[in-house]
Structures are given as C-alpha cells and as structure tokens.
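Working notes for the structure below.
Per-chain residue numbering starts at 1, and chain names A, B, C, D and E are given in the order in which the chains are listed.
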Amino acid sequence: MTRGFLINLVLFAMLPVTALTALMLDEPFIITLTTKVAILALAGVGLNIALGLGGLVSLGHAAFFGIGGYAMGILAHHAQTFTPILENPLLIEGTKSMPVIWLVAVLTGALAALAIGALSLRTSGVYFIMITLAFGQMLYYFAISWPAYGGEDGLSIYVRNGFPGLNTLDPIQFFAITFVVLALVLGGAGRFAASPFGLALSAARQNPERVETVGLSPYRLRLLAFVISGAVTALAGALFADLNRFVSPTMLSWHMSGEIMIFVILGGVGRLFGPVAGAALFILLEHILGGLSDFWHVYLGLLLLLVVLFARGGMIGALAGRQVAHD
Amino acid sequence: MTTILLIEQVLNGLQFGVMLFLMAAGLTLIFGVMGLINLAHGSLYMVGAFAAAAVAGATGSFILALIASLVAAAAAGAIVELVVIRRLYDRDHLDQVLATFALILIFSEGTRWLFGSFPLFLDIPPALSGPVTLPGGIEYPLYRLVIIGVGLFIALGLFQLIARTRIGIRIRAGESDREMIAALGVDISKLYTLVFALGAGLAGLAGALVGAIQSVQVGMGEPVLILAFVVIVIGGIGSIRGALVGALLVGLTDTLGGVLLPGVFATFMEPSAATAVGSSLASMSIYILMAAVLLFKPTGLYGSA
Amino acid sequence: MTEPLLRIEGLRKSFGALVATDDVSLTVRPGEIHALIGPNGAGKSTLIKQIAGGLPPDAGRIFFDGQDITGLGTVARARAGLGRTFQISSLAMEYTVLQNAMLGALGRAGSVWRFFRPVMQDTGLREAAMSALERVGLEEHAAQRTADLSHGQRRQLEVAVALTLQPRAFLMDEPMAGLGADGSQRLTGFLDGLRHEAPILLVEHDMDAVFALADRISVLVYGRIIATGTAAEIRANADVREAYLGAEEAG
Amino acid sequence: ADGHGAKVKVGMITTLSGGGAGLGIDVRDGFMLAAKMAGNDNLEVVIEDDQRKPEIAVQLADKMIQSEKVDVMTGIIWSNLAMAVVPAATAQGRFYLSPNAGPSALAGKGCHPLYFNVAWQNDNLHEAAGAYANDAGYANSFILAPNYPAGQDALTGYKRMYEGELAGEIYTKLGQTDYAAEIAQIRASGADSVFFFLPGGMGISFLKQYAGSGVDLPVIGPAFSFDQGILQAVGEAALGVKNTSQWNKDIDNAANKAFVEAFQAEYGRLPSLYASQGYDTANLLLSAMGKASVTDPDAFRAALAEADFASVRGNFRFGSNQHPIQDFYVREVIKEGDVFTNKIIGASLTDHGDAYAAECSY
Amino acid sequence: MSFLDVEGITASYGPSQALFGVDLALEEGEVCALMGRNGMGKTSTIRVICRLLKHSGGSVSLGGQDLGALPPHKAARAGLGLVPEGRRCFPNLTVRENLIAAARPGEWDIARIAELFPRLQERRDQMAASLSGGEQQMLAIGRALMTNPRLLLLDEATEGLAPVVRQEIWAAVRRLKSETGMAIVVVDKSLAELRGIADRAVILERGSTVWSGAMSGVTAAVADQYLGV
C-alpha cells in the first residue's frame, strides 16, 4: 500500500511540477504537452472504469471521446458563426463556455454509452471487443461522410472556449483547469472502486455467476459502469478538442480507441493511476523518439514490447509489486 | 439494374468474401484455436506481400513469389512466436493486445526502412490475367476465380486439420488448459510455434495473392486486420466454417450494400442526397451487419458459448 | 403438516433427445433437510439449476413461499431468498476470502448502488461476513486470496457465501465434495443445526452425511424420481440399492 | 530596405511515417534541395512528422509557434490536416505556404492574407480533367471518388468543366481495396470514358483490377494516381492512361531542367509532382527573402505575392486569393526503359485560377 | 532406491511456502494413499511430481530417472498419468476428443475405456463442458489411462461419484494394480475405501510428511491424531 501510494503521489505531482518548470523556463509547448498527458490520462481513467474494474474491454471508446470532442466542436462552431443549432421545436444556441460544454459532453457521452452498452453488453469477451468496435466504426464513417460539420476535414474553432475567471488561452491556466478536472475524477474513481458498487462490479468481472447468485444483476452493474466510463471519456474528449481547438473524425477512429487502451495497459490495468503513468510514458516516448529518426516507430515498438514482456501489471505493477486487493 | 448485372454483383460479393476468408483463415487459426489476440496478423500479411513483390521483381516468377511469401511470413511468425508470443499465452488478453500492437509498429516501419515509402509492384502472371466468359455471358477475371478456388481449398484443409486430426484436437485442448495438456505429455509449446507459423504463412500467402490485384504498401495490413476480425467474430470464434460463412456474408453485404443502397434511397430522395446517404450507409454496412448478428447470436453464427 | 416452502410441480427439461428432468415434483418444508440422491448424470444439478434460475425448464412450475417463481431470473430468485452453492466452486478468485463473503452480505443488504463510501469499512457488512466465515471455520483465512486456497477451503467458502445471504431456503449441490473426512463431519454437524434457520435441498453423494441428516430422501434416476422416503425406507429399497448404493452401502 | 538578410525560420510539418509518408518525404526533399541549391544561410528549417494525424499536426503547430518561434510554416500534405493547422497558424500571425493541399474553404471565404497556396486549389486538377474530357470528345463519363470532402470536391470540380452526360456517379468507401462491384457497374453503364479520383493505394488497386477486367474504356484522372512514386507499383496497368497535372519532368524550361537533374543527383530517383511543389515553395520563399524582411509582415507578404521566382512549371502567378494561376497539362503514362513515367501530350487549361477567388476578401 | 522416490521436497506458491519437506516412496505395483486434512499439501505434492509446480529443495525420481530437470510434458512421457483435482476435462472437446488428445500407444485405448466406463461410451460425442460432474470425473480417469502411464496419480478421483461408481473405480484400481503392475498414488477422503486398496500410507500435515508406513498401520488412533476422525 505505502509503496504504491508513494508512486502514485510522485506520478501525480509530476504533472504540475513539469508544467510549472516549463513555465519558468518559458517553454509553453511543454505545458501544452503536459496538458495533453493530463487529458489523455483522463480518457484512460474513463476507460479504466469499464476495463479495469468491470472487465469490459471496449475497443469503441473513441466513440465517446469523439462525441465529447464534437459536443465541444458543434457548440463552439455555432457560437462562433452566430447560428442556432436548432430552431424548431425550441431554440438551442451554441456556446463558448467550458462548463456548459462539459455538461453537454458528459450527458451525450453517457447517453451514447447507455445505448451502445445496453446492446453490446449482451455479448462478452472478444465479441464485446468487436461489437464496441463496430459501433465506434459506424460513428466514424458517419462523421466522415456527414457534410454539416466538415466531414473528414473536421471543425476548427478559432479561439479556445472560456472558463469564468480564467484566461484559457494561457497554456498554464488551461493546464490548471485540466489538472483539477483530472484530480477530481481520479479522486472520484478511487472512491468508486472501493465502494460497494465497485466491489460488486469487480466481482462481476471475475465471476458473473457468483454475483447473480447473491442477487445482483451483472448486466445492470456493467451497464452503469459503462455509462460512467463513457461519460468520463467524453469529458476528456471535450477537453482534448479544446486543447487543439479542433475536432475531426480521427478522434472517433479505432486507432484512438486503441491508443487509449494502450495507455491503460501500459500503466497497469485496473490501477487507479495507471492511465496517468501510461499516457505520460507514451507521450514522452513519442516526443523524444519522434525527433530521432524517420523510423522512430520501430524504437517505440521495441520499447513497448519490453514493457509488456518484463513489466507485469504495467508500469505501476512493476514498480509497486503485486498489489493485495484493496482492503 | 438488370438481372445479369445483379448476378455479376452477387458473384463479386462471393468473390470478395472468399478473398476475405483467405485473409481471415490464418487469424481464425491463431485467434480462435490458440486463443491469442494477434493484432500483428495484418503485418504478417504485409510481410508476405512484400516478400512476393521482392522475389517477383528479382526472378519474374509468380510461383516463386508465392512460395517466398509463404516462407517469409511463416519464418517471421515462428520467430515472433519464439521471441515474444510464447511469453504471453498465460497472460491477460490485454497484454497480448499491447505486445502485438508493438509488433505492428516494428513490422510496418521496419518494412518501410527496408523497402522505402513507395508502394511496390506485384502483378498477376500473364497466364492468369484477363477475363474469361462464364455461362450466361458474364465476363469475369480469371485470377479472381483462382482466388476463389484457393480460398475454398484452404478452408477445407484447415477444417480437416483442426476438426479431424489428432494435432488439431491437441491444439484445441491446449487452448482451454495448457497446463493439463502438458501434464498429459504433449509438447504444447512446439505445437503452438508450428500453428503460429502456419497461421502466419497463410496470412503471407493471402497477402501475396491479394496484393497482386491491390497495392503492396506499408500499412496494407491494417484495414484487412479489422475486416478479418469482423469476419471471424460474425462466424463465431474458433470455427473455420464460421469464418467462411462470415466472410461470404461480409463480402455480399459490402458489395451489394454499395451497389444497391444509393438506388434504394433514390426512390424517395433527390439523387445527390441519395448517393451521399446511401454511400455513407454502405460504408457502415458491415459494422451494422456485425452488430446485428451479435445482438441475435452473442457468440457469432457458429460460436459456442 | 406444515405448508411446504418450496414446491416443484411437473418440471421437465430435455437436451436434444436426452430428457434430463422428467416430470419431477417435490417439496421442501420448513425446518427439514430434503436430500436428493441418484447416479451420476441423473439430473440432480440440472434440477438445482432450474430451481435457482440458471436454466429455464421446458414445462412445469416452481413455487416459493406460495408464489410462482417460474418466470423469474436468477437474480430475482436470489433476492426472494433462495441461496445456492455450486457443485464446482464458483467464487471471485482475485478477491480475499473476506471480500467474497462481503459480496454475499452486500447482496443480502441490497445496498450496492452506493458509489462513494468504502465498502470494506462498513462494519455491519463486515461482521455479517466474518460470522459466516467463522461458522464454516475459515476465519483464520479471511485475508487470504481466494485463488490461494486449497480445493477444500474453497468448498467451505462456497458455503460461507451462501450463509451471508441469510436465505430462506438453501439449494446445496454437493457441499461435502472435496472436504476431508474431518471437514465433512464438521459440516454435517453444522447443517444439522442450519435446518432450523432455513430448510435445505441437499444434493450429496456422501451417504454417511445423507443418512445422518436427511429428514426425507428422494432418489432421482434418469431424470425421474423413483422413490421418496426416510433414510431407513430408502436404504431398504432394492431398486435404489441396485441403481445407486451398490453392494457395500447396503451391507 | 534594411530588412534584407534577416533570418527566416521555417517550420515544416509533414507526413514522414506510416501510410502516405512518401508524399511528405518528397515535399521535404524538394524543399530542402532548393534550400541547399540557394545556399542561403538565413533560411533555417525545422521539420516534424505529423503521422498524418490532425491532432498531432495541431500540437506540432503549437510547438513551432510557441517554442520554436518560427516565422513561416509549410509542409502539410492532406486537406484535413491543413484545415486543422492553417487557420490556427495564420490567426497567430505566421505565414503559411501550402506545398500540397488546397481545400476550397481556405480559397474562398476562409482565405487569409498570410496564407499562400503554392500547389493548386483542390478542384484544379479535376477541372483540368473535365476540360480534357470535352477536348477528347467524351460525352458520357462514369465518375467515381471516395466518400469524403476531397472526393466530393473532385467530382464537383470535374463536373464544373465537363459538358457531357454522366453515365454514373459513385462514391466509394474511403480506403476501399476491392473495386469489382464498381467495375461491373462501369461495364454495364454504357459509358464512353471513366474519371476517377482515388488517391494512394486505392488508385493502384482500382487500376490493376480495371486492367484485368476486360473493360477497355479510356480512363482519366488527376495526376495523384499516376505520379512518379506510385507508377512503378501500378505497372503496365497504367500505360496509356491520361492524367492532368500542372507539372511534369519534361516541361521545357531551364528551372525545371536544373531541378530534375539536381534532384536525381541528390536522391537517386526521379522527382515527383510533390517534390516539384516542395521545390517551388522553397524558391518562392527565397525570392521573398531577397526582397523584404519577415519582421515586416506587410512587405514580406507583398514580396511573396509577386511570386518573383522561376517556377519549374513555367507560368506561375498568384490570384487575388493567393492561390496559383497557372497552366494545366494532359500527361500520358509511358515506359522509358524500365521505368514508368509521364509525357506531356497537350495543354488542358491555360492561365487557370480557381472558382473560389471571388468569395475571398481580406 | 524405490520406483517413485520423493525426498524432502519443499515448494512455494510465490512468496507463500506450501511444502516443507515431503517424503514418499513407492514400488511398482504398489498403491500409496496420500492423506491429510484440507490444505495440508496433498495436491501440491502431486503437482511437484508432475512438474506443474517447481520444487525449491529435495528430489523427485521415477524408475531411477530424475524428474527434477524435466518440463511437464517430458515428465508425463516418462510415465506419469494425472487425474487432477477438479477434473479439468477439456470443456470444448467432445468426450472422444478428450481421450484422443491424451492417447499414447499401449494397452489402454478408447475401446478399453469404453468397457471400463460404459456411460462415457453413451456420451462420446457430447462436449465435456455439458457432462455431469461424475461423468467428467470418469472422463478424467479415462484420459489419464489413455497415456498408458507407469505411475497413476489420482487426486480426489472419486469426488462427486455415486457410491456404486466409486466401488467400480476402486475395483478397477485393484485390477490395474494386480494385472498391470502400475504404481498408484491416491488422494481420497474415504478412509474406509482407502483401506481396501492401499498398501502404504503417507500423511501430511502443514506441508510435511508426519507419518508414513503400511496402510494397516493407520490405526484409529493415528487417524484421530492426524486426520481428525
């Protein structure tokens, strides 16, 4: 417990320390990069709720990530072109306010997860992986060929959305926002895992039959977990779109789903801080190796391979040793 | 649309299906039978195509190229199994996902390193090129007929191997309990290396056969990988028969969806909008098919619970 | 005569040509242990599965406490008060022994839709779980990972989880299997007392236990009940001796 | 002016790894060749790989602007990446010189004083193909492209110039590899010609399968599917196909001769369309650097707008929206020794601008 | 030196030690009962013999051959037939396929197994997953015999079997012993039934051999002390 706790603390502190150091050295891009780590980690935390706790290997989480992104893109697009989203039956206008956008992203993400989850959870194992992929791909192709919001070209937002009392265009302030969101969600996810619901959900992953015989429905447990997971990932999507001031169908592609999953596995499946470690390592590698050679993917591949082969339970697992189930 | 065109399109759909099966066959073997999620299957497909293109370029012989594709991919598969995969059998599926994802990166960029960034040339031999006329007056490319033949032959062979031979039985036994099959005196490691190499070889062969009428380039394996997964999931994992049926279904849906849907929408929409909506829906059609199949049969058409 | 708590009427289930449950009717009354014995493959587990809700019967009705539960799923039946143990242990293997028991207590309390209070600090649930572990003699192992238990210990835990549910009737599929001789003796004594809390439908091949415990015994052969009676009656039944007990037991 | 000789830092974001890397590599090589030949020490270039992902491209743009403090940006190959990067870059006061992508949104309403396109507006090559179809006397074309914005633009561009009937119009799936169904429809449609826009591997697959199908209608397309990097992979199947382009290696002017020779000497392969565009982009920039300092944006912009450099395409000037006005040619695929390449067989459109310039106002 | 020689083995599961010094010796044609309460290390001992669990100290040899260095499949080929605790039939294979998967040449073949367990013959094309518990137990025994072992290891092989079937199995074990001279190690909970077939007994407590000797030496007092009955 203590050792794992220490590692988590260091990992977590690393983000603001990096960002502040970059601020002092006047390297705004490093702050942006750190922000990206925080946001992708958030997406990973979302996936980890379904994947780590619930054992629901979703290869369609890009759908929620992208939905969050498009929630931001569409709202901001209408606000910046001064056109309403809907006039009939009631008038809905765009907005450039982050909190409102987040709320919309979380709600649409949750709704989409409810719909996709309700259908997908009839299957399990590899079939579940593939059916979630299928729903993700449907959305992806839809977004590509749907002209209203730019199709494959995506949507550009010229100015980052606003947060009351802050200047979001200042990299460090935007970082602060994402970091606080990440911290809150991590705190929530930690409590969640240790809660009665977390105990039952995790049991449903290990042995659904057992959960049924104590009078709990694995389907309902999983569906709720999937919805929460989708909502958190959608929130991350909205932040990611805001970071780039741009959203496009690539946010919905299966590569994105795969990448979020890689963060989780790399850090350690089911570990609260796993996605933070995974996203940080991945972005760091990408950034360092990218400058070395045109063929840097080879090195990235080799490094990832070494991690899987020799770091059981992801990075956190390797560092902290076997964790006794949370008691 | 005339009947003869419709028949031709159905034939195209079946043919595309068999092509998909060719790609999916090796994957079913590795994924369904050994229980290993191998994302790098598409890379082995690419290795086969590149080996074939290189050998065809150097010798001019298509047969030698095919042999090269089989050998190169099988060798790559065996090495990968010995060095990486073998440590992953008793791991979580997710570790397999990460490791084989890493392999994709290595294979893709490694191939680009060796062969450059531009597509390679691989064409069908003159003896197999050009169309033949089928009964009913349909002109059909001979090479595609050959692919159908090869695909069906491989389907039959694999089915026999897995369902009927003792090796097949032992492989399946190992999938559910490796420790137990070893305790019965079977050298399951060696068996798995062989199976993996065989699956890889089939992927490589498919890469060469299909590469001859498509483009041989880095990354060619990725779309194939997804399609192949779709196919074997629809058919039910571990079932060769399922993979064949799934491949044909996907082939037909994809082909006929693209052909018919715009027309269907044109009956009640203006033409340009109908084309747009119809084509978008056609792009999604196989995923809609897969979702529908899984909703009614959560373990695929021929899968066991 | 007391009203039966569990009543099964004309239950039938076939797998293809095989009729696994053939027009079975039986009752379990409050306070009794009703043992179900029969050759391997006679359909005992299949029957338990149908009562617990994992397998829909082809025909017939199941009544629990006067209410028709035939249409309910496993979860609803568990909530209604049917507790079950599996022939092959079915536990959350990554959890500690205590966590498995807590899961049962949680199911009993029905307080699963809570997301922020740490469950392991819930003293009420914890006490309920610990007392069940004590009753089967696993309290020393509470902090051990379930996967690290020996086979027999897992069988004990299986019973403990069923206890945490405080069900109104138990369905037990071979609880003695895998226990050592001493463990079986201990469990026999324990079940003997348990019947007063909730009646038990007991499937068991351990004849010492069955004859020591059962108020009534039903014998299932090829999906049909061929005899029901007291221990003495069953022991004396020639058909049962031939189909099931064999030479030595009869001696 | 005293700005002469001021340093210019160029940020090049292009695709150097994964699928489509060949195009980015050619643009980079063409650009760097021009820089090397000019030997101008004031030009500094930083290069990053966008992996063909818009999000990565956006972040790299942020990096170049925030950390590297570049003055000019260039390099992007794909329209969707350009749409992600260009508005942000110009909004932050950087020049952007596009060496390849020319989406209509950036040519019309979304034009910007700091944005220059040195290649073409996306519709141009398709318009040229439509014009050629008229010249060749085709009256019943079958047209197809993938179902995404660039594909829709392609068919729109073709139809803008083409005057005949359409035998069929199909949108295929992006990334499709099997075209048997489309080819059957072409066969049955009674068309007299086929126009297609299928970039990358899609075009290779289509052409190979078309060649094997026994349908022998004439095919036209934009240069992308017949460019130097890709032709060897298509092989015989491409021989004789007509395609439209604003450049070819046999355009007869001194700049082009020097370029083709130097490129072969430097890299050991024939230059491609993309290489020529990268080369022109660099030369445009160098020409402006000789006239004004980048620290004076207005002057630098005016210097760029003059387009006072020797383009390898011959005629080249900017229209009111700072997109090229240039000549388009029809090329035919031929075999020179062992190598497949193109030969110009005629002009298609001369002094041609784009359809969106009128919508652009600064 | 005996046919099967287990000397002072120690073994652990990760950090937790399960065996602290187990000794067991057995001659060909002999049956040894391995006894002890739940969790005392019987299964672990059997797993060490089969090489499914690596020992950290002591030695295991069969017919003079050191098993210690062999991987499990080689140890099995040296003549070990395992009926594991919990049956572990291959659920996705049919009964017949389960038997074929294990087959090695010798006098035991499918026909003989069918004679031994007619019930399996009836269900030969059914998936093992859907067999009743007892049927699976028979299958596990049949499967081990198909390897034609010299040493048969029966870990709770009669768990969940009906009394008649159990009697049949003990009869079969007696026959195996007298006709084929097979050596057998058996773990079972019924002391009475073990008395009928075992020649020797080894009793484990907390991972160590605490008593060994002739089966007849397991008096009521010994049973009470070590087994709690």
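In this section, contacts are C-beta pairs under 8 Å (C-beta built on N, C-alpha and C of every residue); 3 or more make two chains touch, one makes a residue touch a chain.
Listed by chain with UniProt protein names: A, B = Branched-chain amino acid ABC transporter permease; C, E = ABC transporter ATP-binding protein.
What you see is a predicted model, and the numbers here were worked out from it, not measured in a lab.
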Separation of chain E from chain A in steps, with touching chains one step apart: 2
Intersection of contact partners for chain B and chain E: none
Pair joined by the larger number of C-beta contacts - A-C, A-D: A-C
Of all other chains, the one whose Cα centre sits farthest from chain A: E
Distance from the mean Cα position of chain D to that of chain B, given in whole angstrom: 34
Centre distance in Å when chain A and chain B are each reduced to the mean of their C-alpha atoms: 31
Centre distance in Å when chain C and chain E are each reduced to the mean of their C-alpha atoms: 28
Multi-chain contact residues (two or more partners), chain E: none
Overlap residues in chain A, where contacts from two or more other chains coincide: 141, 144-145, 147, 295-297
Numbers and ranges of chain B residues touching at least 2 other chains: 108-109, 112, 276, 279-280, 283
Every chain pair meeting the contact rule: A-B, A-C, A-D, B-D, B-E, C-E
Chain A residues within the chain B interface of the complex: 51, 57, 119, 122-124, 126-127, 130-131, 133-135, 137-138, 141-142, 144-147, 254, 258, 261-262, 265-266, 269, 295-298, 300-305, 307-309, 312
Footprint of chain C on chain A - complex, ascending: 188, 191-192, 194-200, 202-203, 206-207, 209-217, 221, 324-327
Complex contacts: residues of chain D adjacent to chain B: 17-19, 21-22, 25, 147, 169-175, 177-178, 180-182, 184-185, 187-188, 200-202, 204-205, 208-209, 212-214, 229-230, 232-237
Footprint of chain C on chain E - complex, ascending: 13, 16, 36-39, 43, 85-86, 119, 123, 130-135, 137-138, 156, 159-167, 189-191, 227-229
Chain B - residues contacting chain A, complex: 31, 37, 84, 87-88, 91-95, 97-99, 101-106, 108-110, 112-113, 226, 229-230, 233, 237, 276, 279-280, 283-284, 287-288, 290-291, 294-295, 298-300, 303
